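What follows is a pair of complexes built around chain A, which joins chain B in one and chain C in the other.
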Partner chain A sequence: MYIKDLYAISPQKTHDLSFENGEWQVLNEYIYKAVEPSYQDLIPNAQLRRMGKAVRMGIGVSLPILGRNPKPDGIIFGTANGGLEDCIKFLNQIVEYNEGTLTPTNFVQSTPNALAGQVALLSENQGYSMTHVNGSLAFESALLDASLYFDEYHGEEKNLLVGAVEEISDYNYNIDRLGERFKEELVPNVDLLSSGTKGSYCGEGSAQFYLSNNPENSLAEFKAFKQSSYLSENEIGEFVKSFLDEQKLDTTSIDCLLLGKNGDVSTDSWYEQVEQLFSDKPKVYFKKSVGEYRTVSAFASYLAVRLLNGQAGYLMENGATEKPRTVLIYNHFDAVRHSLILLQK
Partner chain B sequence: MTEIVVTGMGAISSIGLTIAENLHSLKHEISGIKKAKHFKSHYSDSLVFGEIDQSDESLLNELGLEKGRGFTRTTLIAIKAFREAVANARLSPEDIASTRTAFISSSTVGGMCYTDDLYHDANMQGAPSEYVKHYEGSDHALQIVRLYGMKGITDVVNTACSSSANAIALGARLLETGKVDRVIAGGSDCLAKFTVNGFNSLRILSEEPCKPFDANREGLSLGEAAGYVVLERRADVSDTSKIQAVFSGFGICNDAFHPSATSDDARGPRMAMELALKRAKLKPEDIQYINAHGTGTPNNDVTESFAFSKLFDTVPHFSSTKSYVGHTLAAAGVLEAIYSIFSIQNREVYPSLRVEKPILEFPFRPTLNYTPGVAIRHVLSNSFGFGGNCTSLIFSACI
Partner chain C sequence: MTTNREELIVEFKEHLIKYLNLLDLTPADIQNDVPLFGEELGLDSIDSVELIVLLDREYGIKIKNPTEGRQILVDVNTIVDYIIANRTK
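Moving on, here comes the complex of A and B:
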């Protein structure tokens, strides 16, 4: 699967490429809010007002990509929670008005497939349409879906819009805070990995890719990916090694490692085990930039493509390589669900 | 072309706690839509529901699960249907756990079915509930992955009311491309204040049990269900006696018209059916029965009928089994797939119940009574959802 184009809205200034060019936002908040561009030229105001943040950010990323590329054959999204703000607003109405007469806007907006539906509607795309809600592997599932699609149309040129979105709402922040996923004290993102406490900080955003089975003029390739749930900690090294084996690669083939380390002392040891396999390689800790959320691997993939094209190199730690050719992303959520994504130039 | 077959089925709905009970109710025109016994809502008295007649407590006991561990009703009914499907396909624990077995599920309400607990947790009122880590749409699937030690590919989709139909299609694609050797695909949705109030706010709930394809239909009835099918490549199945039907094709597209309504010219539904026929290498006249989406809303039934009128010279038998179980949202696609397979296996059509006066605009009418003795080679099963999602599946007799 070749990446022809990409765009992202994130807690860093990816919307105008400042982030890629070296402008890094220091964040000292519990919540890493996305830096949103003005949507004035993209979305009519009346529609914009009704949109929840997930749908708004998603469309804000989709429409620029669709505007500069031919109409894709399908639209595939991954999101763990979709428009949770709308969802809980509707829920609050249910409880507070004792199931009285409610307005449907929040309900319709809250369905996770609202984004794929809106993008199809706005871009008049009747093609393949799918929304994966596979928790912290939702983006990986979208990638799998896309790879099946390209397999099926082997020999016939096809293009897909594939991406992910997640929004922070007060409510999901509360729920995950009760679930002990976030830190109680503030540490700036620069020092995220040395905080020495449990939990992380909450991020959000949308990253999307225009994918094709035609390699011409591509920026990079999604070479392979793999998921697993409920591994034990002593299996993680083998999980990585067997993945590389399947790709006929070994640890020396990887030029740069992108790790989902999030500063949670209870689960960062998993990353450290993988890190040790690539001890002499440059590393990028992408959650220092955007925080923790369930489809953050889409942002990591976005960043990987930038790195493969000689951008954002300032984020590499433990040495640097000017133009990496092969990069590997390892991410886990709660140390329960694990994902590996391999990208190549 | 790789032939994909269904080798196991499991279902729980308001017309039966097992596939055998579901079949019995279908044959005897027993509807499950009535006043709710277990579901508590402001609308419990004024509306009717396709409620599964088994309490959470009883499900927990039957499944041997511990109380207080965050098992929601969505998860409980999912586990029960999953267990039946894998037993029906005679999968061993090793088969289920294998890296070559994929699990593709779906849900719309997911873990958010206990509205009041979610309200307290989301607004941080008091101590966290047992469900605080279990609200995600994917939680039911993750619980099953954990219980069965599944090591293969897992996925959960949510395309509203077409969700589990898409899960089945996705599963077939994993088999066709050789990514895995067997797939367990389906979905689960239980009754929840969230969806009841959502559909009520759209004013598309019927006060009386729904009557899809009736001229005076007033809307849908909500139901709850879970269902799973086991899919394998025909060439891999050594024990051919467990082959129940062939999964011949699917069509997936987007209506791209409106967030919560189907276009007047039904371009999405038509395209989905056409794509499914093309993939199955069939013509419209090869279809003997259509298990319609047939929600009972004014919009759906007229646009779906319009699509039939454009696609078929002679419209075959069609009915909406939602008249038995209500609209079970994410589970509807797989439940109707299972009912479609029953129709093939037993050579019979289960009717659209309660139709008094068929829709006038069209010269055809749904099957109004239980009709045995119909040779059914191919069934088309439709599922359309909010967000413009349109999916058609085709199941065929095994010959």
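Moving on, here comes the complex of A and C:
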């Protein structure tokens, strides 16, 4: 799957490429909120005022990509929670108004596939539409769906818009905080990995890709990806090695490793196992930039494509390579769901 | 409960802004006799359902007949007149 175009809204200034060009936001907050662009020129006011943050960010990423490229044959998104803020508002209204008349807006915006539907309506796209809600592997599921789609149309040029979105709402933040996923104390993101405490910081954002099965003029390629659940710390190294074996690669083939290390002392050891396999390679710890959320691997993929094209190189630690050609992303959520994504230029 | 018509107009406009998320407007920006579903405010069919919910929740008014609704949901004046005549709370 070849990446022809991409765009992202994130807690860093990705919307105007400041982040890619070296402007890194130091964040010292409990919540890493997305830096959103002005949507006034992009989304009609009547629709914008009804949109929840997830839908707004998602459309804010989709429309610029769609404006630069031919109409895709399908739209595939991944999201763990979708517009959860609107969803909980709607559920509360059912109780508050004793199951009486309910407002349509919160309901319409609360379904996870509201984004794909709105993008299709705004861009007049009647093609394949799918939204994957497979928790912290939702983006990986969207990638798998895209891969299967391209397989189905082998030999015929096809294009897809593929991406992910996640919003922070008070509700999901508080629920995840009670689950000890987020830190109680404040540490700036620059020191995130040395915080020495449990939990991380909550992030949000949307990253999307215009994918094609035609390699011409592509920025990079999603070469392979693999997911697994409930791997022990001892199994993770073998998981990575067997994945590389399947691609006829080994650890020396990887120019840069992107790790989802998030400063949570209870689960960072899985990342350390993988780090050891690539001890002499440059590494990018992308959650220092955007925090933890369930579809953050979409942002990691976005960053990988930038690195493969000679941008954002300042984020590489443990040495740097000017323009990596093969990049591996390893991410897990709660040390339960693990994913590997291999990108090449 | 507001009984003064002018106060009710302001109160209704505040509800209108909140329910329809017209956050860039103030009550003074909404003219009493300008059609709500014309070019001025640009409201649409989803907004009409939000308005029906607003009248139910804030004033205890249930609009069930679509023909009746089309005559009531015209502008601020027609809605406020209907509220004064039919409110149950």
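Heads up, the rule we're going with is that the second predicted complex is superposed on the first by the 345 of 345 C-alpha atoms of A that agree within 3 Å, B and C clash if a C-alpha of one lies under 4 Å from a C-alpha of the other, contacts with A are read in each partner's own complex, and residues count from 1 in each chain.
The rule is short, and it goes like this: a residue touches a chain if its C-beta (ideal position, glycine included) is under 8 Å from a C-beta of that chain, and two chains touch if they have at least 3 such contacts.
These numbers were taken from a predicted model, which means no experiment stands behind them.
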| said: With the two structures overlaid on chain A, would chain B and chain C clash, or do they fit side by side? | reply: fit
| said: Taking the superposition on A as described, I'd like to know which of chain B and chain C A:227 touches: first, second, both or neither. | reply: first
| query | Which chain makes contact with more of the residues of chain A, chain B or else chain C? | reply | B
| said: Which partner chains sit in contact with A:50 here, chain B, chain C, both or neither? Use first/second/both/neither. | reply: second
| task | Considering only the touch criterion stated at the top, classify A:42 as touching first (chain B), second (chain C), both, or neither. | result | neither
| task | Please work out whether A:103 is in contact with chain B alone, chain C alone, both, or neither, and reply first, second, both or neither. | result | both
| So, does A:187 touch the first partner chain B, the second partner chain C, both, or neither? | neither
| query | Touching A:17 in the superposition: chain B (first), chain C (second), both, neither? | reply | neither
| request: In the overlay, answer first, second, both or neither for which of chain B and chain C A:31 touches. | output: neither
| task | Treating the CA centre of chain A as the corner point, state the angle out to chain B and chain C, nearest 10°. | result | 70
| query | chain B to chain C: minimum CA distance in the overlay, Å? | reply | 9
| said: Can you give me the overlap between the chain B contact set and the chain C contact set on chain A? | reply: 100-104, 108
| field | Partner chain A, residues of chain C touching it in the complex | value | 19-23, 42-44, 46, 49-50, 52-53, 56-57, 62
| request: Mind listing the chain B positions that touch chain A in their complex? | output: 41-43, 107-108, 110, 112, 115-116, 118-119, 121-124, 128, 132-133, 135-139, 141-142, 145-146, 149-151, 153-160, 166, 170, 173-174, 176-177, 179, 193-194, 196-198, 200-202, 252-260, 267-268, 271, 385-389
| remark: Interface with chain B, chain A side, in the complex: residues 75, 80-82, 87-88, 90-95, 98-104, 107-108, 111-114, 116-118, 120-121, 124-135, 137-138, 141, 144-145, 148, 151-152, 171-172, 174-175, 177-179, 227-230, 336-337
| Contact footprint of chain C on chain A as seen in their complex | 45-46, 49-50, 97, 100-105, 108
